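Both of the next two complexes hold chain A, though its partner changes from chain B to chain C.
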Partner chain A sequence: MLAPVLIFVLAIALAPLIFSFSISLTDYRLTDPTQAKPFVGLGNYIKAFQDKAVLETLWNTVVFTIGAVTSQVVLGMALALLMAGETPFMRALRSVAILPLALPPLVVGLVWKALYNPQFGPVAYYLKQIGLSVDRGLLGDFNTAMAAVLLIDLWQWTPLLMIIFLAGIKSLPGEMLEAAYVDGANRLQAFFFVMLPMLLPVLFIGVLLRTMNAFKVFDIIFATTGGGPGNATSVLNFHIYKVGLTFFDMGYAAALANILLFMIGVCSAFYILLLRRQRAAESL
Partner chain B sequence: MRTSRAEHVIRNLAAVLAVAFFLLPIVWLFSTSFKLQRDTFQLPPLWLGFEPTWNNFAFAINQIRVGQFVLNSVVISAGTTLASVVLGTLGGYAVARSRLRLMSASSYFFLVLLMIPPVAMLVPFYLIMRDLGLLGTYLAVIILDTVYNAPFVVWMMSNYFRSVSTEMEQAALVDGASHFQAFAQVALPLALPGLIASVLYCVIFSWNDFIFALLLTSPSTKTVPLAIMGQFSTAQLQWGYMAALSVFAVLPMLLLALALNRYFVQGLTAGATKG
Partner chain C sequence: MSLYQIRTLAASATAIALVLSACAAPAATPIAPATTAPAEPTAAPAPAEPASGIVTREYAGSKLTLASQTDQFIEAFRALIPKFEELSGIDVTLDELGYVDLRQKATADFVGKTANYDLITVDIVWSGEYGQNKWTVDLTPLIERDKAQLALDDILPVMWTLGKWGDGQWAYPLAGYANILNYRTDLFAEAGVSVPKTLTELQEVAAKLTQPEKNVWGIGLLGAKGPAVAQDFMAYVQQYGSSLLDKDGKPAIDTEANLKALEGFKALFNAAPPDATGWWWGDRNDAFSSGKIAMMLNWSTAIKNHKNPDLNPFADKIETAFSPLGAEAGKYGFGGWGIGINADSKNKEAAWMFIKWITSPEVQKEWVDNNGSPIRRSTLTDPELVKKYPWFPILLESFEKGDGDYRPREPWYSKMEDVIGSEVNAYLVGQIDAKTALANMQKAALDIIK
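Let's look at the complex of A and B:
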């Protein structure tokens, strides 16, 4: 029964990837009227590692991914602990808090772009009221643009982590916490030494899902900054899109995509190794 | 540990503030969709005290003809969801019940597939679809959306199937049911919450997709997010029009999320929580 999905996915996903590898070894430009595809070997890959824009966007990808995952995991856990109560009021609040994750990321980006707008945006207005002036807007300033984009991502995806962690908290055996309190543990100790170790599996799933998606972020950057100002918020995924599908330099774009794929492969291999060790430890 | 009354109040207050943070941008979007152009630029921002208008919605329906885009979005997300859930549920069941180490390890393989950056697929997929003459069809978008959604369903459903007891399936097999009957008549009904969660995520992801539709659709198969982006790039940007168009993309998903909110975690955490 695995065969249909395996065949479908292998045929559709692997064929383009193999095709992409062969394109990446050529100088293939859709804008070239002769449509010649001279073979350049590893030229595109060598070019990538000397390309300042690529190194910048690579760095931005790392900053964005680590920033997004860390901030959202911490806030998501805090909210899960805060909102774990089973009163009807809390339950109603929880069902409203998850709404951001159902929205199209493109719309989320556009809404926040308007909120941040330096002339008429509410965020800029209220910041001015408390004495912070943002003349180019948070998205337009080189120093704050990345943080502003990270806040948008945090707004949309923290609720997902909150509900994943909540599911974990709900499944904890109550006796262990009771025992810790009886033994005189304070709340912080009970959280770090009793709850957190038992929450590792859900924590792991949350980090995994968010890392995968943070690496691939595209829509909110497309909608808000277009990678700017300068290259301040241009992540590798977005840069490849520009090279391949607006400059039509297909060979180079394919090489960059393969480099990103390789990075993601290394990260996921690391994750899977961790997961297997954890599963093995559990079954002992 | 008992919680005091004061703590109870502080907790509720903090929770309300947190929820306000998540809700206000959505409130802003909806209120802007009912605002006249002059009110969208008011400072301090008008959250409620403005003269509501249906003009923006009339513009979205009559001028932009959002109906066609909604229809395109429905076709693409229904097609993707159907294909992904059928392929993914069968695959997930096979992965969960297999005794072969290689098979049960393959759920990791499906997770890795999810990490392939969309641009890595898009460049070659765009060229392949162009050569096959499928560029601009529903099918092109559905195929690529399914490549990303089906593996996610495999992973979720394999988690879910692993968490349900196999006793009844084995009893059915002993009674002479085929493997497929045991799957369809015994395991699948037990895994219904996971199945609903899979449908929920597939609908949300494919409805909200922007990058695949951006490159693979033609003017007649464009989805709602593309119509919104199109409005955004016009010279005289009217936030009211943009917001009204966005409501068509946002409202169905909000209603779905509210109705099915307890299913969001089914299948995601099935392997990681006990009970």
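Let's look at the complex of A and C:
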């Protein structure tokens, strides 16, 4: 019974990882006429941490991830609380609210690119109406591009967290909140001291999922800014794509991909550790 | 207990999102297409005749697969391939691919030696990579063998840069592009300016044509990070009379001349729409078609569509002129596509027959009538064609004085283009200054080439 599972794990998960790690130790370039794939040890990893472009994209990735996850958790929780009612209207509203999730990120990027367009986009139009200068558009300005991309991500992925949090809220025992109110707790106290602690496991899962996805952001950047203007929105996954599929430096691209994987792994381990501690505390 | 009151508190946190949703509400706002609509074939192609005995039925029954870039000449392939199939009995499959897809699929085919493609259109800047790796066949011996059929003297000299690298010819000239100036005669007359001949005049004319209050701008430029701004900047450097490489082919980017060129390039953006710092080719063509810009420097391949009233409402007000040049420059920007034979193809002779036929003088007329770009002097001087395409004399002279080397045709080109595209864009949007941009480019270029 164990064999099929082992085969699955080896073939689907481990084999590509082993291959990726092995080529990351070589200077494997598709454009090398000799196709020699010389062994360079950890050379690609050392090069990555000395590469200005990689460090910039790494920083942008961290900024994007923190910005995306933080804003989406807050907004997702707020929407979940707002839409927790079981009226026909709320049920319909929830169905509409999760529509962005059904759209491919590339399509979302193109639609928002049009919305942001400084010439004919409605976002630029309304910003001009309130006296804000958007000559280059939010995506074209070095100071606003990252925020504009974050807003697109917020629009698409907040509903996912909303659904996760909503499921958590629905599973909460109502007696606890009622008891808190009977004991004189106000609404904020009831939320922060009663509801939120009970929602922590769900919160961690939501944060973990979105952190992993935000680290890997690619489609939206590809469709909207191409990493620009300047290096404002250049993230690691987009850089990996460029190194691997534009420059065809497969060894270096594999090393960068493994660094990204390691970062996601560390974040995941951190969240899982927090989750276990929280569960352990609950069981005491 | 109800959650109503907590929800009320939470509403304040959602306010921003709701306002932004409202901003996005007017779905009826017209959204312009991202790319220029394809042109319809302008003339019904005449029946093809075997060209100079090139086509035989020796390979009838064999199959060829052609991977082609979806530039304007794709329409010519669509129109002409059935005729070649009829004449030769060879079945030709046309795989139409965008630029990135074509490069990635072709590279995978070469490296994997899968020979899915027999024929590949080759961008001029890929010549070095293809030649160094011997991914395509060196056509030199075939050209020498069949020179009696090829009317080689008729092919303009600059066209051979489409595929030449080192001592080999890794692709055969297919479609030559000249960097020319397209402009609106009515806006020029209204502003009382004449066609600029120098880069100084270009700056002055562009400034005079700019009317922000009417949303009309002097010039359209490509500023988007990546190949777009890199190619426009390299063209400007070439027109300016400077160069990114020295005589030995080593990077010489951080020079006083290039500093002036870069500053001049940015100054030109003052007469361009503010969002031009994010423009790609399609954006510029759309802006020209919608009357937003008075002129643009662009590849000659776009002019036929702009002269088509179905595609450009200002078609009768559009004229073509030579690219303005700096005091030191004597050459015009040249680019375009060659067509190569996959080194692993099992059908090399059949593929060579196709190349000879599609580029032959007899087929060139149909080629250009179906939106292909010319490579031959006889095509550009054909009275019938010149009458139909009055910009051909400008193309001919641009080709005769064309420079296909302003974008280095070297294996490392794509990396160099990426660096230039990143640094110039960063300068244009104010992230770094011109000296830093050039210093960064120089350092990166030295790293790339070493």
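Keep in mind that, in the parts below, the second predicted complex is superposed on the first by the 272 of 284 C-alpha atoms of A that agree within 3 Å, B and C clash if a C-alpha of one lies under 4 Å from a C-alpha of the other, contacts with A are read in each partner's own complex, and residues count from 1 in each chain.
By our rule, a residue touches a chain if its C-beta (ideal position, glycine included) is under 8 Å from a C-beta of that chain, and two chains touch if they have at least 3 such contacts.
Remember, it's a predicted structure, so these values are computed and weren't measured experimentally.
Asks: Between chain B and chain C, which makes contact with more of the residues in chain A?
Replies: Between chain B and chain C, the winner on chain A residue contacts is B.
Asks: Which partner does A:Ala114 reach: the first (chain B), the second (chain C), both, or neither?
Replies: In the superposition, A:Ala114 contacts both chain B and chain C.
Asks: Quick check for you: in the superposed arrangement, does A:Leu82 touch first (chain B), second (chain C), both or neither?
Replies: A:Leu82 sits against chain B and chain C alike.
Asks: Is A:Phe191 touching the first partner chain B, the second partner chain C, both, or neither of them?
Replies: second
Asks: Tell me the contact category for A:Gly131 with respect to chain B and chain C: first, second, both or neither.
Replies: Neither partner.
Asks: Output check: A:Leu245 vs chain B and chain C. Expected answer is one of first, second, both, neither. What do you get?
Replies: Both chain B and chain C are touched by A:Leu245.
Asks: Scan A:Pro33 for contacts with chain B and chain C and give back first, second, both or neither.
Replies: A:Pro33 sits against chain C, while chain B stays out of touch.
Asks: Given the touch rule stated above, what does A:Tyr181 touch, chain B (first), chain C (second), both, or neither?
Replies: Both: A:Tyr181 reaches chain B and chain C.
Asks: Should A:Pro122 be classified as contacting the first partner (chain B), the second (chain C), both, or neither?
Replies: both
Asks: Does chain B (first) or chain C (second) touch A:Pro104, or do both, or does neither?
Replies: A:Pro104 contacts chain B only, not chain C.
Asks: Would you mind listing the overlap between the chain B footprint and the chain C footprint on chain A?
Replies: 79, 82, 85, 110, 114-115, 119-120, 122, 125, 155, 158, 181, 187, 245
Asks: Which bits of chain A are touching chain C when the two form their complex?
Replies: The touching residues are 30-31, 33, 35, 74-75, 77-79, 81-82, 84-85, 110, 114-115, 117-123, 125-126, 135-137, 139-142, 151, 154-155, 158, 169, 174, 177-178, 181, 187-188, 190-191, 195, 225-232, 242, 245-248.
Asks: In the complex of these two chains, what residues of chain B are touching chain A?
Replies: These residues of chain B touch chain A: 1, 11-12, 14-16, 18-19, 21-23, 25-26, 28-29, 32, 40-45, 87-88, 90-91, 93-95, 98, 103, 106, 108, 110-128, 143-144, 146-147, 150-151, 154, 179-180, 183, 204, 207-208, 210-211, 215, 224-225, 228-229, 232, 239, 242, 246, 249-250, 253-254, 256-258, 261, 264-265, 268-269, 271-275.
Asks: What part of chain C is in contact with chain A in the complex they form?
Replies: It comes out as residues 1, 3, 5-7, 9-11, 13-14, 17, 20, 23-26, 29-32, 34, 100, 103-104, 107, 111, 129, 132-134, 215, 224-226, 273-275, 277-278, 292, 411, 414-415, 418, 422, 425-426, 428-432.
Asks: Using the touch definition from the top, list the residues of chain A that touch chain B in their complex.
Replies: Listed in rising order, the residues of chain A that touch chain B are 1-2, 4-6, 8-9, 12-13, 15-17, 19-20, 23, 79, 82-83, 85, 89-90, 93-108, 110-112, 114-115, 119-120, 122, 125, 155, 158-160, 163-164, 166-168, 170-171, 181, 187, 201-202, 204-205, 208-209, 212, 215-216, 218-219, 222-223, 237, 240-241, 244-245, 250, 253-254, 257-258, 260-261, 264-265, 267-268, 272, 275.
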